[in-house]
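Two complexes come next, and they have one chain in common, subunit A, joined by subunit B in the first and subunit C in the second.
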Partner chain A sequence: MNAVANPLLSVDRLTIEIGGANVVDDISFTVAPGKVMALVGESGCGKSLTSYAMLGLLPPAAKRTGGRIMLESTDLGAMSERQLRKARGKDISIIFQEPSASLDPLTTVGSQIAEAYRVHQGASRTEAYEKARQMLVDVGIPDPTRRLDQYPFELSGGMCQRIMISIALINGPRLLVADEPTTALDVTIQAQILDLMKKLVSERGTAIVLITHDMGVVADIADEVAVMYAGRIAEIAPVHALFAAPKHPYTALLLASVPKLDHSPKADLATIEGTVPTPSEFGVGCRFADRCPLVTDKCRSEQPPLFQSGESGHRSACWHIDRMAEIRGVAA
Partner chain B sequence: MSDAPKVLELRDVAVHFGGRGGFLSSPGPVVKAVNGVDLEIGRAETVALVGESGCGKSTLSNTIVGLQAPVSGSVRVSGEEVVGADKKKLNDIRRKVQMIFQDPALSLDPRSTVGATIAEPLIVRGVAKGRELKEHVATLLQQVGLRPEFADRYPHQFSGGQRQRVVIARALALEPDLVICDEPVSALDVSVRAQILNLLVALQKRTGVSYLFVSHDLGVVRHICDRVVVMYLGRFVEMADRDTFFANPKHPYTKALMSAVPEADPVVQRSKERIILGGELPSPANIPSGCAFHTRCPLATEICSKERPELTSRPDGARVACHHA
Partner chain C sequence: MLRYAVERLIQAIIAIFGVLTIVFVVMHLSGDPTLLLVPQDASAEMIAQLRSQLGFDRPIYVQYLEYLGGLTQLDFGVSVVQRVPALDIVLSRVPYTIMLAAGALVVAIGMGIPAGIIMATRRGTVIERLLTAIVVTGQSVPTFLSGIVLIFFFGVTLRWLPTSGSGDFASLIMPSIALGAISMSTFARMTRISIIDELGKDYVRAGRARGLSLSSVVFRHVLRNAAIPVITIAALEIGNLLAGAVIVETVFAWPGIGQLAIQSIQSRDFLVVQVIVLLISFVYVLTSVLADFVYAIVDPRIRLVR
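This part shows the complex of A and B:
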């Protein structure tokens, strides 16, 4: 499997079905303590569902039909709702993609953060408030004492997102699942939050599963990257290997479509023709086949498994890994 | 043709909100969203407008298209004054400047076919009707890389990138001189983003249209723009042509912004010098004295909190508003 010796989290062959289609299909990866795994991929490829599954929070329409999710030796899938609730916010925390829905509009943000602490730590009110105040300092909110007494509507969207992050971090979780945590934030605030996450990772050994579509964020913070396409992992690799030598046509084109420093202005960027198949259009072959410049008959008739390729831990689900040089031609 | 009117000319534009208060309510604070803005955009030129949330980018855009009245200053589109123009004149001007917004889903009517959506401005202006109208719509669809038979489909039958193409087709229908693009690609997937950027560049080459391109993605800005303007709390703090801007940014805010944008390359990104700004963006209802950036600026000294620095020209042509840069 993976080069990681003692993973904190292992997701093994996770499959999630909605309306008869495998919207998450046979996903496996592991994350060690103190490491950041980035999940990237086009809208609708299954990133959020994969992360919700880790916390037992799948929407009613979705069913986990296969696979296991282990937090060290605990099978998260075998936990009761009560056990899960205890684990959530303490061992595993999540920062949701849409923060607006997650805060209680009628309660001050200070109470909301402090409550998250008290529930799990049994601390006194004063202690919890002091802890909440410290959290606000950590996430870069100025004038924290005043902010604690405010209601969500009195704060900007960026501040609400940082309140959510405070709640997720206050119990020092061992695993943080962050679904596009900085997408709604300004870049200067995003840089602050990314630095905070790095600090958690290096000082407390927190493991992070980070969902993002921003390759810059991936380049900044990830140790490993799983590139998803239409519910499957297309490629998974250590971050430097992925950027230096992508081994899947989708990844290669994705990276080439981002304007680079050395790119001449207004020159054509690489694009990926066509659109992602919807779950009802998933065929028997490679799900990228319709858009892939390397496609052959084999690609259309048989699904490629994840092949080991290049340095350890670099795997790609493509029948034509040896033809990647042709893609670089397309992308140039 | 150097004395042909500029596509856009802004002179000392200021836009404020509130301050009067209603009949029963007490007067609220004045939000100075835009102040002292001067800008020119030439034909077939793309100018990027960058800055943090709330710095006044959308307010300025709305002012240019006449959706928002400035409290002072002049806004000329292809030589015609927008401020104080009567309804008829405003209508003529609006034909020359169009807007594309961030979220294509919100700017399309879900109950209209995309053909009807694109045809609407043509009908309203009496540009075409009947068979000619249909052909016009078909040409526009082709221009943005969509098949003419898509005219009969509804927005929900398209992907996000295709919907943004429809929005662009509608914006181009009246052959505008200037299109204001307010974060036109940030809601789109990376691979789709590249298609739309290529399209905007190709259309500019073909028609000579100019763009005011609002974005916080400096990689995109570097790719598509000829000039860059940085805005902070309603004022321009730096403006320069693209190469000068990226090779030699000068304002401390610009530098912080650049250092905060993550580069899609782990080697470059991890060796980059980082300037992490302290503090929060102050409210435009309570703009700091002197240089508005002094509360977060690593270079600030006493003069910065007392005197507002004007935009001044530098030898390489950049204009910067800073006492120490």
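This part shows the complex of A and C:
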């Protein structure tokens, strides 16, 4: 396990099934208080399902078939719907990819922020609105009193995401799940929202589980990264260790595919051949085998466990960690 | 907002004018009422005399222009059968139809919308299946049949309710159910679809993520969002109820404008028919304009942008 003595969140062997296939398969990670853990991977790799499972908000087709999700000493998976309701928005909050769609279009933003406070604190309307106004100041929205009376359609996407962050943080949760929080936003706004999240985390000591497919975002904000591929963790490491020396072929190829400033604009970007297997195509071995330049027979017949590799907390699910140098050749 | 209101008003006038013209032409194509007014043994001269007295011997466009001229002074013409102003005849029947339509709306909205909400939020339960059965029945049984079945069952067999007439509140119940049943099904289906559509949206998940129960999300957020298509349907259904009243009023001998319409068509009393059609089209147009204003109340995107 990771080198965290008293983790805030520990996900232990989480497995989620849809239609008989394990779309999230045996995922374990921990998050320390105040730290940012990034779950990275392509669409459909199970990262969003993992995050919804933490709030007990899996879609009806998905079933958690194994594993535990502990928030400190509380087992979230064992909670009743009523208990989960008390935890959602208070102990664990979430912000979503589409901030504008995540707000009720017919209700003022002030009322929606205040609602999040009142449902947990039983405060009066006036008190909740004052708290909401204070939150808007904290998330850097100018002229908060006027904004409270506006509707979501009157605000930009970035502004709506700030509203969502206000809703998520108004009850001072210990954990914030951010599901692609900047994907739908303009690049300049992305940076602002990330800065805002960093600031709020350090001020309040809130831990973040950040779901993203953007390595740039990871580098910017994460302390630790779990790279997911087809429902499994391929590699998990402190962020600097992962970027410095990836220990899984998938991570290495992923990093090689990120454009760099010193690349010639005419040079082709590195790509990973093939496509992600669908859940019905999952074999018994490593799920990356068909696209991996290091593949051997063992990869196809036997699933690699997470091996400890390099510095503490760096682990990779690959039989060929010692051959990573070959990948760098392929990627370059 | 003002410009919008003026635009809607102009559209409404054009629509009513179009309906009026079509009805005028169709009624005149269907024949000349003079023959129905004279005795069987009337001579050709008598018929010709009455025809010219009533003005039916003139070209149709002259009659049409004269009719339009009268309308501008709120003169809707005189019934050729009863020899009293057509408008007075129709207006004397209007309160009955309003009563019936109101009763039917209470049935349609009062049962349809709650049924739709339950069908959308309790999916896969016994109560959902039961309601689906009721809704499909309400939708597929024609009004004349459901009216007769109701009369047979509650009027003749059980003797709970009067079989026809318009004496008291009890006599309103069966016609209201017969007339409202189809609308009730329409409201139930629209409400159900609209809510299911809204339940799949991100703000519902976000609402639950901030600690609201699903039913709180439904009552605080989903219903209002789901109301918009239902308002559209409501506007159309009010017009449909008036049209449906023609059958129900005949089945239950209810003295409203529907029954009057049938009687007037049979006696080729076109001026009366024209007033009724004009009234119904006016109600259609009016409800659709009202619906637009209700949208603006419900939806700030419409209210503030315009």
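The working rule: the second predicted complex is superposed on the first by the 328 of 332 C-alpha atoms of A that agree within 3 Å, B and C clash if a C-alpha of one lies under 4 Å from a C-alpha of the other, contacts with A are read in each partner's own complex, and residues count from 1 in each chain.
In this section, contacts are C-beta pairs under 8 Å (C-beta built on N, C-alpha and C of every residue); 3 or more make two chains touch, one makes a residue touch a chain.
Quick caveat: nothing in here was measured; it's all calculated off a predicted structure.
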Would you check which partner chain A:E115 touches, where first means subunit B only, second means subunit C only, and both and neither mean what they say?
second
Determine, under the contact definition given at the top, whether A:T275 touches first (subunit B), second (subunit C), both, or neither.
first
Between subunit B and subunit C, which one contacts more residues of subunit A in the superposed model?
B
For A:L55, is the partner it touches subunit B (first), subunit C (second), both, or none of the two (neither)?
second
Now for A:L106: first (subunit B), second (subunit C), both, or neither, which partner does it touch?
second
Considering only touches as defined above, state whether A:S93 meets subunit B (first), subunit C (second), both or neither.
second
After superposition on the shared chain, which partner residues are touched by A:I167: those of subunit B (first), subunit C (second), both, or neither?
second
For A:F153, is the partner it touches subunit B (first), subunit C (second), both, or none of the two (neither)?
second
Residues on subunit A touched by both subunit B and subunit C none
In the complex of these two chains, what residues of subunit A are touching subunit C?
55, 57, 85-90, 93-94, 96, 98, 101-107, 115-116, 119-120, 151, 153-154, 164, 167-168
Subunit A touches which residues of subunit C in the complex?
201-203, 205-213, 216, 220-221, 224-225, 298-301, 304
Which part of subunit A faces subunit B closely enough to touch in the complex?
42-43, 140-142, 156-159, 186-188, 190-192, 194-195, 213-220, 239-240, 243, 253-255, 257-261, 263, 265-266, 268-272, 275-276
Could you list, by residue number, the parts of subunit B that touch subunit A in their complex?
52-54, 159-162, 189-191, 193-195, 197-198, 201, 216, 219-220, 222-225, 242, 256-257, 259-270, 274, 276-281
